[in-house]
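Dropping the structures in below, format is structure tokens.
In the two assemblies presented below, subunit A is common to both, partnered first by subunit B and then by subunit C.
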Partner chain A sequence: MDTETMAEETRAKRPIRWHVGVFLAPAVLVYTAFMILPLFGTLQLSLFRNIEQSQVFVGFGNFRTLFGDPNWSVNFWNALRNNVWFFIIHMLVQNPIGILLAALLSSPKLRFTAFYRTAIFVPTILSFVIVGFAWKLILSPIWGVAPHLMDFVGLKSFFTPWLGKEQYALTALSLVSVWQFVGIPMMLIYAALLSIPDEVIEAAECDGVTGMAQFWKIKLPLILPSIGIISILTFVGNFNAFDLIYTAQGALAGPNYSTDILGTFLYRAFFGFQLQVGDPNMGAAIATIMFLIILAGVCVYLFLVQTRLRRYQF
Partner chain B sequence: MKTKLLTALLLGTSILGTTGMALAEDVTLNIESWRGDDLTIWKDKLIPAFEAKNPGIKVVFAPSAPTEYDAALGAKLAAGSAGDLITCRPFDKSLELFKKGNLADISSLPGMENFSPVAKAAWQTDDGKSSFCVPMASVIHGFIYNKDAFDKLGLKVPTTRDEFFAVLDKIKADGTYIPMAMGTKDLWEAATMGYQNIGPNYWKGEEGRSALIKGEQKLTDPQWVEPYKELAKWKPYLGDGFEAQTYPDSQNLFTLGRAAIYPAGSWEIGLFNTQAQFKMGAFPPPVEKAGDTCYISDHTDIGMGLNAASKHPEEAKKFLSWVASPDFATIYANALPGFFSLNSTPVKMEDPLAQEFVSWRGKCKSTIRSTYQILSRGTPNLENETWVESANVINGTDTPEAAAKKLQDGLDSWYKPAK
Partner chain C sequence: MSTATRSLPRTIGAHAILITYTVIALFPVILVVMNSFKSRAGIFGAPLTPPTPKTFDLIGYTTVFGQGDFFHYFQNSLVVTVLSLFFVLLFGAMAAFALSEYRFRGNTLMGLYLALGIMIPIRLGTVAILQLMVATGLVNTLAALILVYTAQGLPLAIFILSEFMKQVSDDLKNAGRIDGLSEYTIFFRLVLPLVRPAMATVAVFTMIPIWNDLWFPLILAPSEQTKTVTLGAQLFLGQFVTNWNAILAALSLAILPVLILYVIFSRQLIRGITSGAVK
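On to the complex of A and B.
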């Protein structure tokens, strides 16, 4: 009984900590105004439809159209399929190469590491417009350097106008995107590798674990949490991608919609294109689905993957 | 920067406008437009010509950026601050403004009788009863060719399809030039410079276009599939890697003299004149047999309407009547070769290439692009799908029949023609 009253007294004595609220307020306000409100605005917009110049509530009608009407659903599934392929290429090419580069950079024997690091990271800070335009020129069958360089080493017969062929365009663009963003996994992994304490490495060397074995058995398990973060960043980035496809292939994501991903599909629906008048409500419905896909992916990662990752404290 | 310039411009116009009124009691008319490129032509040629004849009316041309125009205009109309005269985009965008009551009905405006029904179609209600913009200019499709190359290879300008393909074969056999400069990467080249260019000869221009809108013809009918079959035959004459060739690539290939024939729109004339170092000529889309009636795509592109909320409707109508007059047409068409006046009175033009294009109006029948009126209002959008399918046909991804069927199925899914 005594202890209870004492606890109450201390609680009463403790002053209200205004500063917590004050310090949180700017972030909360800005985040709410620019992220949370628009998000709910989009969700709300997706439940309405413009009928005779006025917004009418239609429940899940737009979603039924999106999945039930073949004019929409065929394009949607095509965009989703392409988007998944876009993501797979990044996971299979960008991240392993990023890890490899980081491992090479962290090797003490390598000289000019600062130069390599910068050179590989530079494309990441370039604008999509520059990257899209530059690669369009590089791969151009008419003025591009790619056909000439390939001719130089006798591989001209392997050159095709990749960006114009239905079967190659998406893969080509994915690889361009990989080229642009490989610096990010490289930097993150590089930082993780540097944070591995020397004692662990020295202990491994005493036990005779060196070279490749050291990488696989000691370093890789220690950087797994970073690889997890990179995977989820890649996932979110890829399913929100739009700019590169738009600058390289245009809003119709040709040839024959073969490079259409969710971002370009959303753009055409929301803003319209040429004679197609934009439909903000259908656009919002697509944006909502994109949000749900990303949310599901992030949840899978948070609840299934991250909880199982073992962290090592040094 | 652009917005700053725009604000400065708008601010400038408003100050000038008010001082003008205060001093001389002049009426000032403001023109809304997306054609910032034409600013000097309006300021130095068109407006002085009008003001000289109409003392007491001052006109100010106040353009916005093309990509911002529709949104900016919508906001200004809603706020009541839009100019008295509004430059009209063709078809649905302007029709929507008219339906909202932003554009006045000018069917009875003096001067409107100077235009043919086809010219007016872009700015009329679906039933054709009310007009709301004065047609200003159109662009014509055809083929521009490298005259020097034709002379060197001893080729004659083709008039029939057989001659056309014979010419292409000869250029290809010679090997100096790429027979035809066109790519499918940007999609619209294949549709606009390809399908809509050669198509009217097959579907007989307006006859086929209106039958399609009425539902009497289908895109799967032979006259709509045949142009695709011809497009498919173009493939071997296009340059290496045409699948990844963009629109600027095609323009450069031609103006650098590497290609002999360019499927064109007349808007290229201005640019080609400054870039190409060789003589150029033009020919209309070839017909099937010599002597057949030819049809050309003479696509209405730009018009001008009256803001229904204008404070000076009488003066604005005076200006519009002048825009509808041959005087305006002569100045405009000569300042912008390739943008042709829609006026029924023939306009004298200096540019030989532009003269060649416009001369086809005399011997051929004019039509507009088949997908623009009414048929591109739904989902899937017929115009966009035509881009994709035209490129598919040339790439060989789809057969002409399959492409036509896809387009018709898409159209059927939302378009129910009134019967």
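On to the complex of A and C.
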């Protein structure tokens, strides 16, 4: 058989490759049916309103209500503002601590790193329910663990029931969330630091760049892409957070809505609470706003951050 | 490495910071577990000391086992997690194989389509998911949770597994083809065993968020029959707000299984993260 007939034969056989479809079908079907379609369904629902038992198209009416009607807009802007603060705390506290821990863990010949890594990652695997309640108990003035501990370092007079005070509750909960998730930036940065080739570090040492200077001038620029990744992961995670606030403060995100974020606001709008009846269309409108915020974040990351910060290649 | 980078004070400093943070990370967990074995007087009198014969008391655990149907919730969580995991791994590996092995029109587009879900959380579609479940009569069934979690886990699974499947040698697969093996046999007999380490990594990543999720059980399956352990614990804790023994015992019971699994699989998990699977 010469090559030409063989090529012809394969060409003739090629078009019907059923197995490709069989391999793809289950994943594509489940993913499309339970993720993509509901996502678009939600976007679509946000343009309708339930008037006298039937869905009526109202264009951007729900969004006008959300931004303009004081019954909704006060809560919405409050939730958005709180969510931004929640994100800022994560960026300023969680990621720097994660980078510091990773930098220390990756120092050569340091002992017990496996133990530290495992231990520091423990909170990340716990459920929000455990984390929320455990911290609620620890910070509770009834139990007195927190003031007792602060007494050791002479700071007892600074203790207040943080979760119960409007001006502190959100920051306190953000820090609890930071405590839970610091393991993720730590691990990703640690992986990035380990993957820096030894030659680069050795070259730096030959040039007399060591210690802190080596970290700032050599390693940090090389791990910038990973810092970009942890930033976008933090952004997406924070703008769709719900569980921790719900477990610690309930759906009303008390005291007086001071810990309300978009996730809890969506939950209340969708299911209703106390006297307000749940409204799926307004819920969909809030979910749409969250979708647009997250999409904007992801686009900024993909088009601005990632194109500037190409991964170093050797 | 020159010795200049590892002076003694620097090493001590590094250990000091790491130990401090380890204490911060573990302290709340240890505090909760320790106090769950104490009497009420012990919990409030000396919260920071381990249980002594005088303060040792299992009253919290008896309350939990007497009140909540925790064993049943635990079973529900196990069924949901194991089945979701199975479908994520099977469907995810199949799709990853199709994407990495065959060149077909729309391959890249399909890959991008499936990767969308890595960044966009499935939670945003909740309103329509609930309507869909109501329409199909799946509300308050474990099947609803399994389907949603399978969809949620697939994007990352496909992404990670296709990276690994690209590394499986072509010669091996072609040798199989020459021997007359079907594409299905090649996938199940040759490729799957070779990517087993990657599958384990994906399994751990998929499992933790499913086991810990509160949102979907709360919305799709809140009935007594279908409560998962996370939701059950949440409601139980809400009911027993003033019974500290019971709360601490319930929290400990929720922590321990996850902690034990973590200690067993931590090496796998950490190797998975640091091997560059998620970059």
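We adopt the following convention: the second predicted complex is superposed on the first by the 281 of 314 C-alpha atoms of A that agree within 3 Å, B and C clash if a C-alpha of one lies under 4 Å from a C-alpha of the other, contacts with A are read in each partner's own complex, and residues count from 1 in each chain.
Here, a residue touches a chain if its C-beta (ideal position, glycine included) is under 8 Å from a C-beta of that chain, and two chains touch if they have at least 3 such contacts.
All of these numbers come straight from a predicted model, not from anything done at the bench.
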Per-residue contact with subunit A, leading partner among subunit C and subunit B: C
First (subunit B), second (subunit C), both or neither touched by A:Ile125: second
Partner chain(s) touched by A:Phe215 [first = subunit B, second = subunit C, both, neither]: neither
Which of subunit B and subunit C A:Asn256 touches, first, second, both or neither: first
First, second, both or neither for A:His148, with subunit B first and subunit C second: second
Subunit B versus subunit C as contact partner of A:Gln274, first or second or both or neither: first
Contacts of A:Trp162 with subunit B and subunit C, given as first, second, both or neither: first
Subunit B versus subunit C as contact partner of A:Leu139, first or second or both or neither: first
Overlap of the subunit B and subunit C footprints on subunit A, listed as residue numbers: 143
Subunit A-facing residues of subunit C, complex: 1-2, 4-6, 10-11, 14-15, 17-18, 21-22, 24-26, 28-29, 31-32, 43-44, 47-48, 87, 90-92, 94-95, 97-99, 102, 104, 110, 113-114, 116-117, 119-132, 147-148, 150-152, 154-155, 158, 182-184, 187, 208, 211-215, 219, 230, 233-234, 237, 244, 247-248, 251, 254-255, 258-259, 262-263, 266, 269-270, 273-276, 278-279
Residue ranges of subunit A touching subunit C (in the complex, touch as defined): 17, 19-20, 22-24, 26-28, 30-31, 33-42, 44-45, 97, 100-101, 104-105, 107-110, 112, 114-123, 125-130, 133-135, 137-138, 143-145, 148-149, 179, 182-183, 187-188, 190-192, 194-195, 201, 205, 210-211, 214, 226, 229, 232, 236, 240, 242-243, 246-247, 263, 266, 270-271, 280, 283-284, 287, 290-291, 294-295, 298, 311
Residues of subunit B that touch subunit A when the two form their complex: 91-92, 100, 183-188, 239-246, 249, 253, 371-372, 376-377, 379-384, 387-388, 391-392, 395, 397-398, 410, 413-414
Residues of subunit A defined as touching subunit B within the complex: 53, 70-72, 136, 139-143, 147, 160-166, 249-250, 252, 254-257, 268, 273-277, 279
